[in-house]
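To keep things simple, chains are lettered A, B, C and D as they appear, and every chain counts its residues starting from 1.
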Amino acid sequence: MSIADLKKAVCDANLDLVFHGLVKFTFGNASAIDREAGRVVIKPSGVPYEKMKPRDMVVVDLAGQVVEGDLKPSVDLPTHLALYEAFPSIGGIAHAHSHYATAWAQACRAIPCLGTTHADYFRGEVPVTTPLTHEDVNGDYEHAIGASIARAFTGRDPLECSAVLVANHAPFAWGATVADAVEHARVLEEAAALALHTLAISPGAPPVPGHLLDKHFLRKHGNAAYYGQRR
Amino acid sequence: MSIADLKKAVCDANLDLVFHGLVKFTFGNASAIDREAGRVVIKPSGVPYEKMKPRDMVVVDLAGQVVEGDLKPSVDLPTHLALYEAFPSIGGIAHAHSHYATAWAQACRAIPCLGTTHADYFRGEVPVTTPLTHEDVNGDYEHAIGASIARAFTGRDPLECSAVLVANHAPFAWGATVADAVEHARVLEEAAALALHTLAISPGAPPVPGHLLDKHFLRKHGNAAYYGQRR
Amino acid sequence: MSIADLKKAVCDANLDLVFHGLVKFTFGNASAIDREAGRVVIKPSGVPYEKMKPRDMVVVDLAGQVVEGDLKPSVDLPTHLALYEAFPSIGGIAHAHSHYATAWAQACRAIPCLGTTHADYFRGEVPVTTPLTHEDVNGDYEHAIGASIARAFTGRDPLECSAVLVANHAPFAWGATVADAVEHARVLEEAAALALHTLAISPGAPPVPGHLLDKHFLRKHGNAAYYGQRR
Amino acid sequence: MSIADLKKAVCDANLDLVFHGLVKFTFGNASAIDREAGRVVIKPSGVPYEKMKPRDMVVVDLAGQVVEGDLKPSVDLPTHLALYEAFPSIGGIAHAHSHYATAWAQACRAIPCLGTTHADYFRGEVPVTTPLTHEDVNGDYEHAIGASIARAFTGRDPLECSAVLVANHAPFAWGATVADAVEHARVLEEAAALALHTLAISPGAPPVPGHLLDKHFLRKHGNAAYYGQRR
């Protein structure tokens, strides 16, 4: 995909976050990476969505220096860069203060896998990061968020659980492409709302058993998948 | 109804599930049976709703073999077939991960009949299935779901309570026609949300008394019904 | 207002209940009375809202006999007639299974007055009826509902609290006109949702003090009202 | 800004409150002040939003006397005047019975800062006023509300926390302009809903640490802000 196509895909993804109700105000951003070219395309900071065009997207190098675009990149750029470095298999990232996932993040609690809707997309609980220290917050804050996410995935494949909750803040989701990242952000929001309401009905509801989790995740992902129009 | 008409009715039913907000993404499917012809018409697997046409519907025989259509049927087809076999009086089935009914399913709790909205459609609690074993999940999984639903209705008329919650998963609803199945899925979702909020207000709220349950169900169903424009 | 005008007002009121999200499916109905002519105009039973026209409204006498119209009146007609008889000051009634008010009705709990939004319209708690007996339910059921509402207002002015919750069922609202009844049904729904969420935040939240209740109610109603464009 | 421009800005702000779902019925109002001219422009009382035009806005002097306009000003005018007097740095005020913020106000509980969405806009908890006495309510009630808000901000900069909950009633928000006031009312509503759901997930969730609160507030406000397209 050319950088021009990537700018269109990133602009579309940002607008999709609004269209699907995940972003209110300017609380959100999406990006994509071209690993061969060493470029990341990201939303500009604090620009109204109504007027956003592909040409407004900001192109930066892997050190975060702007190489194309007149606007400043999202303040969350260092978080995105840290994730692209930590997770070599991902191609796009979406961040949104979507309502229910944000409530779980504010509660500093991982979202347990309580049903097959969750298991179809996330192989187990969606983790929450450890809160940042005073030094992290007052140092290179946005980079430290990315590092805290990477730590939460130690020993875990980021494409088997393509989302995280940043403690006290909100979720990030990712995927092979930025469109996948948006889809994962959407499913995460529904799984978060379902989990809240499930626990309201049955406060001690346990996670689904491992065999059901694996069945649903692998029915949709990997070599043995048989969901959809695969042949 | 001809197979062509049934394909249109099934396509309409699938789109209605989306229109009424019961289906997000591709989490849902509807089907209908022509018992004389020995044919079931069902949604294809993982196809976007925006582009769905009657001609995309898949026609299978009662063993699940495709007899018409270029697409693979929904992965939930064996569940539908098991229900058509177990419940000879039904003509259509709707499955959706509708939000509140799914929360009850994830909580593995039957929805109690707490009011007349529920009683107008479902004669008593909407049951939840027993969770499947490791063997069921790793064997013929989707058929085992259907069998678990049938077991939950032992001794109960499936047209007096035309919906069920599959434990850890989501609801299925059915009816004399596929349009009825969708209507029952919609009422179930409202009854599920009402039950959650009723118990939030009064945690120990008991089910409605039997005489009120019967009055409302029979006011709308059966020979003595007097609701609507019956003469 | 002529009967023709009343039929239009009643049709509009029924459609407004749908437009404002208070009625799902056919769970609701509105009526108005012409006390001089001895006529009540009410929605027909079980007719889809999309196709409803003023000419479909049913005109009955005070004994409930149809005097104009081809359709059967709402099954709730006897409830409406009982209310018009018990409350001589009211001119219109609206019934809807609106979500949050219905949850309170199902919980068999009166809605306490927890804030000024409620107090602006209802002078004190919105009461809940006593559940009907087996005999009431199997006798003249819909009339018995009306009688139970009248009993819940013993010693209370129905225009100072123009709504009620029928236990295990749903709310009824009323007013000087059928348009007022719809407005009261809408405010009731908001007050019901606010009360649920207020108690979720503070489980023991007490009702507002009497001086605040009176101030807000009387700021909008009665001779000393100064809200709006009164002169 | 001329008085004519201010009337347009105030009319737009009132309509924005409705557009964004913060105002139901006529429960809300917005105003702006021209401190040089000694004029306040405010919504008229109880006028339907559908028909509201800039020319309907009421212009009053700082004593509340109407100097321009045919309609009566909002009954909440004395509250607005008291706030403009107490908070010399503000230029606009928005009042709405927005759902979740009103639930917190009815619960008489301050909204704790549980996450960065809140911290981006409000530097710490959004306070709740002390309930008014019997004398206050029966005296100059609407002015007493304003005075109670001013007391809740003793020692606090009203531009660092540009909203308040009036006990048993609903929120007020403000800002440098009336458009800012509306934006703050919108963020307040989201923060209120997030806080309710966060506490539903984790009943004892503590406020965010002070360094995270300051980081987010100051990333967006003040001389060291680096969010958005500032250079």
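Methods note: contacts are C-beta pairs under 8 Å (C-beta built on N, C-alpha and C of every residue); 3 or more make two chains touch, one makes a residue touch a chain.
For clarity, every value in this text was computed on a predicted model and none was experimentally measured.
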Determine the set of chains touching subunit B that also touch subunit C. none
From subunit A, count the fewest steps through touching chains until subunit C is reached. 2
Residue numbers at the subunit C-subunit D contact, same meaning over half shared and different meaning under half, come out as different
Averaging C-alpha coordinates per chain, one finds the centres of subunit A and subunit D separated by a number of Å equal to 33
When the C-alpha atoms of subunit B and subunit D are each averaged to a single point, how far apart are the two points in Å? 47
Identify all positions of subunit B at which a residue touches two or more other chains, and write them in rising order. 199-200
Can you identify all of the chain pairs that touch? A-B, A-D, B-C, C-D
Within the complex, which stretch of subunit C touches subunit B? 24-25, 27, 44-47, 71-72, 75, 97, 99-100, 102-109, 131-132, 134, 137-138, 141, 168-170, 196, 199-200
Which stretch or stretches of subunit D touch subunit A in the complex? 114-117, 120, 183, 186-187, 190, 193-195, 197-202, 205, 208-209, 211-212, 215, 219, 226-229, 231
